[in-house]
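After the structure tokens below, expect a handful of questions from me.
Labels run A, B, C and D following the written order; every chain starts at residue 1.
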Amino acid sequence: MIDVQISDQPLSIDTCYNTVQDPSCGGICLFVGTIRNHNQGEDVSRLEFDSYDGMALKEMRKIGEEVLELYDLKSVVLHHRKGALDIGDVAVIIAVSSVHRKAAFAGCEWVIDRLKERVPIWKKEFRGDGSFWINARP
Amino acid sequence: MIDVQISDQPLSIDTCYNTVQDPSCGGICLFVGTIRNHNQGEDVSRLEFDSYDGMALKEMRKIGEEVLELYDLKSVVLHHRKGALDIGDVAVIIAVSSVHRKAAFAGCEWVIDRLKERVPIWKKEFRGDGSFWINARP
Amino acid sequence: MINHTILTFAAAREIVGAASFKTDLAPGATVSDLRARILEAYPAFGELSDFAIARNEAYALPEEVLVEGDELVIIPPVSGG
Amino acid sequence: MINHTILTFAAAREIVGAASFKTDLAPGATVSDLRARILEAYPAFGELSDFAIARNEAYALPEEVLVEGDELVIIPPVSGG
């Protein structure tokens, strides 16, 4: 099962866990990405996510389909926030369930790596030295 | 920070998440081990954990100390259930926080692997073909 | 000529100063041609690390031919997660 | 002779049929000697995949000498998680 969402409301770890939980699965791996108070040596005060929702959801679903083909997983959930976030807020949650834990760890890490590579969502950091769209400039 | 617990009450993912969450950390990896409805081709109906609490807590703390030395982590939490559990119940939760996600995944997996190797906790499965202390017999 | 509307997000929106802009290209023009037109109209795109073009909600290859009504979007380097 | 109480858990408790049992060993006896005594008193331990002995809440090495008052525990193969 694949569930992908982009939301302007706080994300719920419990919701993601409950969605992948399955009586046939012994291992669930979750990754929670939160807003750090620093980056590249600068203090970060807050953050904004812009998202091209239609394509982002399609890319997230493709990543879900690929990870179910590549790893021995039962279910995968990808939830991403958009809009304005403060330090400590949850930006992204990935949850995957598997019969065996090794596949759960490998699959979960594969999903967040791919998400950061190709899902059209953009992070703007507000820091001491100005505000920047991350990765935009060389 | 290291937090280890063995409990006869249901474990809470939120509690583990909140304990490791830190404004300096962008990545939190959690592993949730649950009771599967099958093992070695047999249906499992329920399960009991026996624990040598004093030593188990010491070994869990040692694993916590070692993982903080080996990986670039901020905090680690290991909570384990004991007593009688049903299918789908949470047996163990590991949560680790890190500035970077790669360390979070690697550290979390290292902890559950070590826990399964050396923490004196034992699982008895009640299945169609009888009840067995897992790993006890060749 | 075919009229195309190009949508912008994030750093691309800051460069263009709007959520979209219009441009026209000859029939048969490709994604690669659109890319050249974008750099011509807004040279500041040359200062980004890179950018991709999405066509109908998927990353487009340079040789794809644009069709009237395509949803075309400039994708600056992503930074989700 | 020194009296030792050996605690049991899980498969070990099923073999012994109790949460503990008593045994005495000569002063200077090691963990290895205790292991031999356990197998002598309860041959069924030979049917386990393996077992370890914990002394004062840590895995004990075979050559460690037992001291009166040690907390001694048979550790069958663990299966937590």
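As a working rule, a contact is a pair of C-beta atoms (placed from the backbone, for glycine too) under 8 Å apart; a residue touches a chain by one contact, two chains touch by 3 or more.
From a predicted model like this one, the values you see are computed outputs, not experimental measurements.
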item: Other chains in touch with both subunit B and subunit C; value: A
item: Averaged-CA centre spacing for the pair subunit C and subunit A, given as whole angstrom; value: 26
item: Cα-centroid distance, subunit C relative to subunit D, in whole angstrom; value: 73
item: Distance from the mean Cα position of subunit D to that of subunit A, given in whole angstrom; value: 49
item: Sequence positions of subunit B contacting 2 or more other chains; value: 33, 112
item: Which pairs of chains touch, using the document's own definition; value: A-B, A-C, B-D
item: Residue numbers on subunit C that touch subunit A, as the complex places them; value: 7, 9-11, 13-14, 47-49, 54, 57-59, 73, 75-81
item: Touch list for subunit B against partner subunit A, complex; value: 13-14, 17, 21, 23-38, 87-88, 99, 101-102, 104-105, 108-109, 112
item: Contact footprint of subunit C on subunit A as seen in their complex; value: 33, 49-52, 54-56, 58, 80, 91-92, 112, 115-124, 133-138
